[in-house]
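Presented below is the structure to which this report refers.
Labels A, B and C are assigned to the chains in the order they are written; within every chain, residues are numbered from 1.
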Amino acid sequence: MVDWPVVAAIVLTIVTASTPLLLAALGEVVAERSGVLNLGVEGMMAIGAVSGFAATHATGSTFAGVIASAIGGMILAVPFAVLVINLSVNQVATGLSLTLFGLGASAMIGDKYVGVPGIKLPQLHIPGLSDIPFIGPVLFGQDGLVYFSVVLTIAIGWFLTRSRGGLVLRAVGDNHDSAHNLGLSVLGVRWAAVLFGGACAGLGGGYLSLGYTPLWTENMTAGRGWIAVALVVFASWRPARVLVGAYLFGAVTILGFHAQGMGLAIPSQFISALPYLATVVVLVIISGNKAMLRANTPACLGKPFVPTR
Amino acid sequence: MSVLSPVIAIVMTLILGAVLFTALGVNPAQALYVYFVEPVTQLWSLEELVVKAAPLALIAIGLALCYRANVWNIGAEGQFTAGAIFGSAIPILLPDWDSWMVLPLMLILGVIGGMLYAAIPAILKNRFGANEILTSLMLSYIALLVLDWLVRGPWRDPGSFNFPQSVTFSDAATLPLLVSDGRLHVGVLFAVLAALIAAIRLSFSVQGFAIEVAGNAPRAARFSGFSQKRITLSVFLISGGLAGLAGICEVSGVLNQLRPEISPGYGFAAIIVAFLGRLNPLAILLAALLLALSYIGGEGAQAELAVSSTVTRLFQGFLLLMILGCDTLIAYKIRLVTSRSHASGEAARG
Amino acid sequence: MRSILMVTVAAAALAMGATGSFAADKLKVGFVYVGPHNDGGFSERHDIGRQDVEKAFGDKVETNYVESVAEGPDAERVIERLARQGDKLIFTTSFGFMDATLNTAKRFPNVKFEHATGFKTAKNMGVYNARFYEGRYVAGVIAGKMTKTNVIGYLGSFPIPEVVQGIDAFTMGARSVNPNVKTKVVWVNTWFDPGKEADGAKALFDQGIDVLMQHTDSPAPLQVAAQRGGFGFGEANDMIKFAPKNQLSAVIDNWGPYYVKATQSVLDGTWKSEAVWGGFDSGMVQMAPFTNMPDDVAKVAQETVDKIKSHQLNPFAGPIKKQDGSVAVAEGQTLSDKDLTGLNWYVEGVEGDLPK
């Protein structure tokens, strides 16, 4: 006998846990497709979380909060873009420094919001539809950012494969010299991609402090930025697979809690290690197959572009 | 010109730091003094500076070899952890073994652990072409979780009331101190030694030349008979071994037991150190000391001036971004003038 | 090059008249926190204790602290710094600082060290902890009265004895007023990750609980209780702001009285290394106001507090049965403190297995 309201509640929990990962990872997909590896996701998420919380607190509007979280993440991406795109500083070292900086800055901005209850993103309620058992709450009872994250997945998927802009972006990520020779603005495209990645990471952070757990505390991102980085590779840089990966990871974590209640104890470290393990396996599989590799992996990932004269 | 860049970076950081501290109502002169000067005026903090810098330097030297060869190992945190786990196996599994052999064996096992763990991304790259930045990063998190599982599970001290920590190591498994007082252990010498050896080999040996060629002109390397795959594997093994050595030294010399957290992010901080030191082994020693100074100065600012830890961390992140930026700003201009092949050399890879 | 610069900066800073703060006759008291001083929970409670010391002694003491200290190789350096800068009494407020504190204590025989929640001591290093399980027993009594489903939940961090004491006391408290109650436990394996804590709490509510006790630090589980229309308890701090209609009470860490006492004994020269484990009677454990419950439940809760305070009631007094029904503590006997510090079994009424 299946208890549908409980199943619906569990699905909702999984969606909530997965959405911040999905949002941040989608942004990183775009950045990495343009050839920029930004390891500052954790820092940008933290900034997004605090800006979203602060703006909501100041205005009373969660919509303002969501916008602010995207802007916050984007602002933190600016110094990163200047350093790695214009100055060709090593992307890994800069990304790591950015995480340090972002976590410190978020804690400082958020100092006065610790212990202050937040406002939760409102959940959709369509009379009639939202009350249908199971389907109602799952399809018609989520908050706005969840729907947005799904729409964003589709939009980015379309953009990357079907639009001219996506073609340009991938060209820049796959071979920046050819792209440059074709007259494309490598630096301009990468700037746009990095800023977009920052905004998405910010939104992911904003979802933490507005939708997931409406509060602010230091380090509330708790490593989710790194899981997002892993998911991008796990998904072999494809938005639809990012969505599947994020939901899969959310599901394994949540079902792990339920398994405990049934006396089934999986070591928590194993569940936590899953996204990383899966990522290594996927990398090996796609890298071993040349056709798959060429189709997916941005060949210039992590390499600075220095225009030759 | 290149001498100017750290000057610019430091001056700018100092100015911005002064502004930041003033805004927070702290006397900026005093704050900067506590941050950058006080730690080098006292013997104990100088010792601590070295203790903190040693693992950073040891790891960064290995990473510098990788990066010079255009091999992007960013999984030193995992290799550090693997070294610590391997080396600790002896005092944890054989706590009563009291012999002069314990310590050398631990160090060797630590090196082996780091090398084995570094071999995984190297082999995955050579065999399947898997991007080593991503595999080595992922493997870092896996290693940290394995450590967590070990100290909460099979390797937990039975006398610790279920608290996550291993038994305390015996004296035979503890690195001796260099000076009787404090925490300055013999392990720090490895960092100096590694820097000297790396500097000499890089300048004067065939392998050092091969690394340079592989990094700067992979096509030329192929023509001259250097195997890119062999170089990838060997720099991974060297850097993994050094990180593993740093790991076991930290556990044996400083912590004296295995715990869930044995590294405050040394493996990641060392990446920054490697670049601050411009991939030069001797300069890396200085860069590691500088980063260590920013940690220790930050603690001083908290304890003496009641500056909050968020400010000290912000300041540190700021310092790093500033130095990276200024450093490359200058270096980049020079490269544009001197090395035209840079961009095409990069693109020719893969 | 950089080191030369440093020296130049040093000289400049010296010339600008940097001054240290030295006060000869004040007692300097240092604190080391594992989290930020304003984390809204664990470390904040220690910092409030520090402020109590300042209030109690005014000019006679000076306090300082270092926050967000990782429980790794950095801890010992931070503790040593405090000892070096003249602190004569140092509180290290997290379990993971135990060995670092012990090592520093050996090197600074004239400084007194107090380590929270550990088990190692030295001539100049004492340990202190609070019997939080007393508060959790009271919470259990309230939960037993308030539950409608007769299933209550416990959100655990790590399966260490302190948490197992909490689970057992909570369950025994509930069953003392409602023998049909069962406790479900979910382990989230973290002290602090609001998202994960919320997920664990949701899993418990989905398994049919209606009252939640948490043993993790953030207010997120309490928020979940509010969203689900259930009840919860604050952890370490009164968290009523986060669930004004759903927090029943909170077990409050109140270190102030102990910190004041220890400081006084150092001032008097009477400090001794001790292992202190105080409960309601010492003031180290307090309950937040009993809210969102009928008056008669609040009355029973208050009576339970009073009885424990006056030692008429001991939560771990027999008869106590283990999960499998076997007798753990016979009637007329009490579980010793030694057994409590190593507690690793569930009492009757707890569901699931304790992870080993």
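What we mean here is this: a residue touches a chain if its C-beta (ideal position, glycine included) is under 8 Å from a C-beta of that chain, and two chains touch if they have at least 3 such contacts.
The chain list, named the UniProt way, goes like this: A, B = Nucleoside ABC transporter membrane protein; C = Nucleoside-binding protein.
All values reported here derive from a predicted model rather than from experimental measurement.
Chain contacts here are complete: no pair of chains fails to touch.
Between the interfaces B-C and A-C, more contacting C-beta pairs are found at B-C. Work out the mean CA point of subunit A and of subunit B, and you get 28 Å between them. Centre-to-centre separation between subunit A and subunit C, using Cα means, comes to 35 Å. Residue positions of subunit A with contacts to 2 or more other chains are 107, 111, 218, 269. Residue positions 36, 68 of subunit C each touch two or more of the other chains.
Residues of subunit B found to touch two or more other chains are 152, 308-310, 313. On subunit B, the positions that touch subunit C within their shared complex are 3, 6-7, 10, 14, 27, 29-30, 32-34, 36-37, 40-42, 44-45, 48, 51-52, 152, 161-165, 168, 181-183, 250, 254-257, 259-264, 286, 289-290, 293, 295-296, 299-300, 302-304, 306, 308-310, 313. Subunit C makes touch with subunit B in their complex at residues 1-3, 5-6, 9-10, 13-14, 16-21, 30, 36-37, 64-68, 70-74, 76-78, 80-82, 84-85, 95-96, 99, 103, 107, 119, 158-161, 341-342, 344.
Residues 6, 9-10, 13, 16-17, 20, 107, 111, 114-117, 120, 208, 212-215, 217-220, 222, 224, 253-254, 257-258, 260-261, 263, 265, 268-269 of subunit A are the ones that touch subunit C when the two sit in their complex.
Every residue of subunit B that touches subunit A in the complex is listed here, in rising order: 67, 72, 74, 124, 128-131, 133-135, 137-139, 141-142, 145-146, 148-149, 152-153, 268-269, 271-272, 274-275, 308-318, 320-321, 324-325, 327-329, 332, 335-336, 340, 342-344, 346-347, 350. By the touch rule above, subunit C contacts subunit A in their complex via residues 35-36, 38-40, 44, 68, 184-190, 192-200, 202-207, 218-220, 223, 227, 237, 241-242, 351-353, 355.
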